[in-house]
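What follows is chain A paired twice: with chain B in the first complex and chain C in the second.
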Partner chain A sequence: MRRTLWTLAKVVCRTAARLALRLPLIALFACTLLSLAPGFDSDERRLDLRFSASSVAALHHAQKASRNPLVMCAGYLKGLARGDLGESTTFGAPVLGLVRERWATTGRSVLGGLGGGWILAAGSAVLVMLLRSPAASGGAAALTTALICIPSALLGVIVMLLDGLVEAALAAVIFPRVYQYTSRVLAQAAAAPHVRSAEAAGVTRWRLFWFACLPPAFPELLAVAAASVSMALASVVPLEVICDSPGLGQLAWKATLGRDVPLLLFVTLAMTAAANLASAVADLGTEALARSRS
Partner chain B sequence: MTARSVALLLLAPAALIPAPVRAQTGSELRLSLRHDPKTFDPALVEEDAGETIRYLTGGVLVRINRITGKPEAGLAESWKVSPDGRTLQVRLRTGLRFSDGTPLTSEDVAFTFRRLLDPALHAPTGDAFRSSAGVVATAIQSPTAITVVFPATVASLERLLDQVAIQSARSPLKERAVAGPFVVKEYKAGTFVLLERNPNFWRRDAQGRRLPYLDAVRFSIQSNREMESVRLRRGELHMADRLDPEIFDRLKSERNLVAVDAGATTDLEMLWFNQAEQAPLAESKKAWFRSREFRQGISSAISRSDIARLAYRNYAEPASGPLPAASLWFNRKLRPPPYDPEQARRWFERAGFRLAGGQWWDARGNAVVFSIVTNASSKVHGQIAALIQQDLQKAGVKVNLASLEFRSLIERIGETSDYEACLLGLVNVDDDPNGQMNLWLSSSANHPWHPSQKSPATGWEAEIDRLMTAQASTADQRQRKKLFDRVQELVQEQAPVIFLVNPHALAAYSRDLRDLVPSPARPHLFWNIERLRLGNIEGASHARAALAN
Partner chain C sequence: MKTVRGTCLAAVLGVYACAIGAGPLTGGSYELQDRAHAGERPGAVHWLGTDDLGRDRLVRLLYGARTSLVLAPAAALLATAIATFLGSAAALAGGRFERAALYLVDVVASTPWFFALLLMRSVLPLNVDPAVSVSITFAILGLLGWPHGVRPVAARSAAVIRSEFMRQARASGIGRMRLLRAHMVPNLMPVVAAHFWATLPVFILAEANLSLLGLGVAEPLPSLGNLMSEFRDHRAIAERPWLLAPAVLLIGMIAALQVISKKGTTSHDCT
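On to the complex of A and B.
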């Protein structure tokens, strides 16, 4: 018990240290990219014919922000340390409020997409392994290859036209990638000599899968699970935009178009933290598994 | 058995495909906004979504009828504008109340104008009233009578009142207390804006029933136009306007929808060349762009009817000037420049160019090649640019196209001047010439081809400045028309801007809607919102009759 707690503490500390190091660097990188972006301090309102010259000048003055990424980044992190996420220039509202309104939508989409994708992928991989049918494995391979070739944005359009949810499109993005890893890992485990001997001795495939194939594959599957979280977070942005789903991905897109520094930085950091936490959980699972075996 | 269990498990994600959602019945009108409104403060509104909400919630003294174009009494029972266009006398209706129940009096009108004309406000509605420096004076004669004196003549004062939503000076709800037909009930950023019926709206129908007929209006925030059309087809939305021609053609075949082409709008597609002194362009190119003959040659080489036919599927009119032919301010002598390659050749020759190997060359031996920048997010702009490229290619001028993300485009045309020619749409909120002051005045930051000039660079620009200033400082409509006619003639002679087409107002709406009268002016479909009804309600034609009266 004490050793398990010690392992947990180590993983938590390692993740916290990684985040403490990575987040400021990522913030600085994001600020650098933003400062180099064309139209960084332009304002659409300046094309509005109804504004007088003095109003256009006032708007321009108000919009003129520092293009020094170090200054931008330091200012943002200082505010963040005080718990101030800043105010969105695109929406004219506090970032915290915007995020609070939308995180649940994205959370639902990501969890639903990951859940759906994993059920399909793992289920197909297991089915293919149990059936050992060339038709099943060929069919699954063809389907996954086809889905991998379709850009996530196009999947979004298809789902939108079918009146589906972002979760469905996300599941379609996750499924082929996870399937390919999962089926390969399970096939390797099933090809081990002791598994073959057991099968020849009459042990059912289901028992073999459960007791001989899954345990050795588990650490790798955990790593794939962590990677699939990053995959889902990256794909949720275009999918929410196309399907008009009011989540953090859509917010990130609008923030990018509006060169909205506080909002964009927050979404970037939040997604980085989520991906890192997923990796940490996978690490923890792997270590716990290794300890239980030893 | 186990394989079957796994197969069942595989079917679980099918739950992610929901059952189709049908429209609810009842009197909630559902439509979409393309963006979140940036503010609900009517004085600060500056974008489409905010203007839509202001139109539906704001009580105005005078409302412009979108069909007749004439001013109609709103909160003001009567009003009078002085001949010099500086003084507005208003008599309010009695018993007016804001949505929160607080009384609406002259004091609120005075508060609204003082706030709107505060120079520190920097809002387009206020800027439209500020033709010169100075403060607005208000004299309250009684709770229902007020005189507002502006520092200088405000041309078309009555029309501008259509955009001034009277705000409460006393309500603790501030801008949430409104005097229009609806009131904002709920707003969820990125998702929806829900308006509910204002129980204190002043207007009643002929039977004495308080308007509006609808109980609520729900706007989904829907930036994806394809998605909007899909939802319209499914019956989840009741209407959509400013449709893309392609989507409009698709919706025409839907049985449950009425697709309507309300005619040419005041919006405009236009092309101009960068003539700014500070532009980082080769001197040879600057010389071409400043040459009237070059610009006229380009204008003659572009087929506007092809643009209307191919890019807009015939839902656009070739443009002759800054306003559509249906506008009262349009100069009737003008005609769209015809597509005439032969005339283009003559103009290029007059500009000193020579044709060799199917390509025009200037006097210094430079091939006549230039680039057009346009907005990447507009499919139609991409098509128009490609058509212009083809036309000019045939005429011996090579054009390179660059589609830029909108902010990058603004930076290029507004700040760095790093572009050669630009193709962009002009949104005329009102067809009054005053709405175009910042387009034509050489000192304006929005003077497209050469912004923010200290003094007019050319004689004709000085003349346009003089004419525009003169028309803005008189309230005599005939005189204004005469002055603006001359502006239009000068613009056609000099071609600093090549006007291409006026797109039509394309819209579609559910057959469940009653008494809807589409208009080419914004808002195209719900300008008479208080009289719109849903479903087969008795006396459905009543609103139409009242409208005619």
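On to the complex of A and C.
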């Protein structure tokens, strides 16, 4: 028991270290994107006629000097380590305060959307697998293909027309993607020779699903779960904007419109950290599962 | 299935033909304003009605389709080229370089795509021409859409490099260029094509999402996305259902592209 706990602690520490190493690299990637963008050194103040030519030149020079992504990233991480995330230029308030006010709304939407999407997707995939009816699988495939073709912002509009919530729109975004992966993974597991021979021997479909199809498919389903978190976080921006939900997605949109780099950079890092955390948890689960089996 | 795929291909080609020939087909410009008939319902003159500025909706739809459907494949090509270059370079270098390159690719791929798009979009120049804005929007899509394609290309490249037939070809003294042309490229094509077909609908949808939020193609240039920006006032759709035309065209095109590319594609973060 003590040995198992020790091994598990080691795995958790390793995953945490990997995650800690990743975050500065993600920050560097984000800073590189910013510095590569063609309008990085343009400043709204340069259009202000009250600024003299020399002031405009000084502004331009200052912007150019901060273009090095390594310098930008180091400065940002130093501030982050001190708990100073900068001030939002759009809202004129500290970034941390703005994020603190809104993260719960986004968290609720993401959890609700993921929960709804997964219940629908996993339920449909299991049902299609148990029924083995071409009509059911064809209908589910047609529905999911149709849903995948709709931009998430448009799904938000449809949900608003039906007086629905952001969670419902997010579930509609997650459901088709998760269904397509889940049904494929379960179908692969069901096509294994030992499952087929068990079925021929008269084992019921439900028992086969529970004892022969689900366990081997579980690691892949965990990976899909981690990927679905990333999908949900990416979809949160258009959905919160369309559905007028005051969360981090809407904040990121407002920051983009207002060229509010400190705010947008932190929201991007926070979202990436959340996606990476979900992925790390899925990896941990897979490893723990593999160890418990061996 | 073959008939369905053939029908979808014909529909896609038809839409492309109409979109590319939008100018001669409509005989008008997407900017042309008929102020006397602003906000009109569909009729004999304006088949899809006019917008609040008196611009013909059908003309704008065709020009918008041209913007989205011509530039999205260009962006998908750019993303595929970057993925192919990085993937094959990593596989050719092998060892630590390959591991380091693929780790960095994983780091980039773990960033939610839409946020990376917003980051780059947030610092675009302030006063840009609509033509420049549309080029930048699709260039950003192309420059950020490559990470998911690198691993499959690297894996396929490594398999081809270590294959028996490549060893035999090298032993027979075949030159590097010929090896690349006769063995590498044909064997990489299925993976590269799969990435292209998987990213194409993703880019069309991403442009639609960005433009619907007012962050994509700038007015007066139409695109399927910014034509849908009127949907933000969702009550307008119930009163004027013909506003849905760009959405119907977009969904139809994506569905047709999905059917055409069904074989061997792997879709990723398709928001």
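Everything that follows uses one rule, which is that the second predicted complex is superposed on the first by the 220 of 294 C-alpha atoms of A that agree within 3 Å, B and C clash if a C-alpha of one lies under 4 Å from a C-alpha of the other, contacts with A are read in each partner's own complex, and residues count from 1 in each chain.
The criterion applied here is as follows: a contact is a pair of C-beta atoms (placed from the backbone, for glycine too) under 8 Å apart; a residue touches a chain by one contact, two chains touch by 3 or more.
The model shown is predicted, which means the values in this text are computed figures rather than measured ones.
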item: Partner chain(s) touched by A:L49 [first = chain B, second = chain C, both, neither]; value: first
item: Chain B versus chain C as contact partner of A:F91, first or second or both or neither; value: first
item: Which superposed partner A:A58 touches (first chain B, second chain C, both, neither); value: first
item: Chain B versus chain C as contact partner of A:S152, first or second or both or neither; value: second
item: Partner chain in contact with A:P246 - chain B first, chain C second, else both or neither; value: first
item: Contacts of A:D283 with chain B and chain C, given as first, second, both or neither; value: neither
item: Which superposed partner A:M160 touches (first chain B, second chain C, both, neither); value: both
item: Intersection of the chain A residues that touch chain B with those that touch chain C; value: 37-40, 42, 44, 47, 157, 160-161, 241-242, 257, 259
item: Residue ranges of chain A in contact with chain B within the complex; value: 37-40, 42-59, 91-93, 97-98, 101-102, 112, 115-117, 119-120, 123-124, 126-127, 130-131, 157, 160-165, 167-168, 171, 206, 241-244, 246, 250-251, 257-259
item: Chain C residues touching chain A - in the complex, by the definition given at the top; value: 104, 107-108, 110-116, 118-128, 136, 144, 201, 205, 208-209, 212-215, 225, 228, 231-232, 234, 237-238, 247, 250-251, 254-255, 258-259, 267, 269-271
item: Parts of chain A lying in touch with chain C, wherever the complex brings them together; value: 22, 25-26, 29-30, 33-34, 36-40, 42, 44, 47, 145-146, 148-154, 157, 160-161, 173, 177, 180, 227, 230-231, 233-235, 237-238, 241-242, 252-253, 255-257, 259-261, 264-265, 267-268, 271-272, 275-276, 279
item: Contacting residues of chain B [partner chain A, same complex]; value: 2-3, 6-7, 9-10, 12-13, 16-18, 20-21, 36, 38-39, 46, 119, 122-125, 127-128, 130, 188-191, 221-224, 226-227, 230, 234, 404-412, 414-415, 426-429, 435-439, 443-446, 452
